[in-house]
């Protein structure tokens, strides 16, 4: 059986224990912070999407589906938008 | 379990999981520092054991889980499984860094060196982390998304099978002339064993919760992008 | 299936014989590395653990050169597509390529091991040669299985020369452990003994597990 002590032997080790636990929680906190930033970005994107979906554009049907290729650049899609208007 | 409700992504499932995690961690901490007795040889330093070993166990299980999910992906071709595999491996990488750092701190406190080759857990971890560190470069070096998912799954399966084998090989090769630095988790007195179990559960819950959050975040982002594109913006 | 593997293997070996892309480079690399080790370690001869380490590190890195080139010709010149069109079992390509890589490793060792014995090894090779051969064969099977799989993975990515070794080296650590520990008693100066069974067992287990996994998983790499 693992031997047990009756008193705390040396106190120089406290620093290491604290460091280990602090490092772990720091990692978790950093991760949560990154997630929070990402969440705000997604929420902002959603808000923009909602606004744009609600304001009517001249001559454009709302909710029009377009076949978009991956990696189409902005200039190209902007040109397409102008065409429908 | 349908692939849409597992793992819990939002609503009551995720909330319950989060609450369980937020409850388990302080309980585990309280047990570690107030309930578990001090060990004679290493003294207070031994308390790191309750953090380092559960982290190690959860990390390794996460990698193996990533491999299992990759098998499901290759069998069903559902992108959901690939996403889960990616998140499991990604999270295990983070927890693995935590394992290495806490293990190194423990070695420093115990032996005075920041790294010891005589501890097989730490050494196999180094190898496994070096392997999984190539996971993301591999993914991002392949442009076609379908192929990227497929190749990543192949990697996850091979690497997942590698984890136990590597452990075995390193354990065999570590000289037992020195006593194991970080101690084994067998022959624990009941109070320590109970504390260890609770810590393990707490870390496992944390892993599961963070994975679910990451999955939700990724899916929201993907959904947002595809909706934006469908509606003709950007 | 056997016929397909035979045909593919014959093609691989013929191409290698004609172009001499991999094997001379690998062998030369190994011999040069021994010279580098002499200067790096500042020693005239080595034995025991050190000798085993130098031999296996050199063989491993030389093998990486071969792994890098394994699928390059198929990728660049459309060999994959031609193969996929044929009505054959796709795992035949894995077997053929792995056997080819094994053959390259065998030739590599035919050059590198005597060179090692000549340049750096303190005790003579003579009596321990059969044991060494056993270790070499077991290790080569593992290197061939993982090397082929990793080569197929890496060749379709952008950074193929870099990714190949980065993927293969950690995966091959158990092989290094098993091979080095097994061959180290063979290189002891005073009384060389045979390899320990547990290391041979590790190598055999590794070969079995990863041979099967590579076989199971290879198909998924070839779809397109």
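Here the chain labels run A, B and C in written order, and each chain numbers its own residues starting at 1.
Here is the rule we go by: a contact is a pair of C-beta atoms (placed from the backbone, for glycine too) under 8 Å apart; a residue touches a chain by one contact, two chains touch by 3 or more.
Predicted, not measured: the structure shown is a model, and the values here were computed from it.
**Q** Does B-C or A-B have the larger number of C-beta pairs in contact?
**A** Contact tally favours A-B.
**Q** Based on the averaged CA atom positions, which chain is farthest from chain C?
**A** Max centre-to-centre separation from chain C belongs to A.
**Q** Which chain has its Cα centroid closest to the overall Cα centroid?
**A** Of the chains present, the most centrally placed is B.
**Q** So, what's the distance in Å between the C-alpha centres of chain C and chain A?
**A** Measuring from centre to centre gives 43 Å for this pair.
**Q** Compute the distance, rounded to whole Å, between the mean C-alpha positions of chain B and chain C.
**A** Computed value for the inter-centroid distance: 32 Å.
**Q** Provide the C-alpha centroid distance between chain A and chain B, rounded to the nearest whole angstrom.
**A** Taking the average C-alpha coordinate of chain A and of chain B, the gap between them is 20 Å.
**Q** Give the list of chain C residues in touch with chain B in this complex.
**A** Touch residues, chain C against chain B: 149, 153, 156-159, 163, 166-167, 169-171, 173-174, 177-178, 181, 198-199, 202, 205-206, 209-210, 213-214, 217, 220-221, 223-224.
**Q** Quick check on the complex: what are the chain B residues that touch chain C?
**A** Against chain C, the touching part of chain B is residues 74, 127-128, 130-131, 134, 137-138, 141-143, 147, 150-151, 153-155, 157-159, 161-162, 165-166, 168-170, 172-173.
**Q** Which chain B residues qualify as touching chain A in the complex?
**A** My answer: residues 37-45, 47-48, 51-52, 55, 94, 97-98, 101-102, 105-106, 108-109, 145, 183, 187-189, 192, 206, 210, 213-214, 217, 220-221, 224, 227-234.
**Q** In the complex, go through chain A and note every residue touching chain B.
**A** 1-5, 7-11, 13-14, 16-17, 19-21, 23-24, 27-28, 31, 35, 38-39, 42, 45-46, 49, 52-53, 63-66, 68, 70, 74, 77, 80-81
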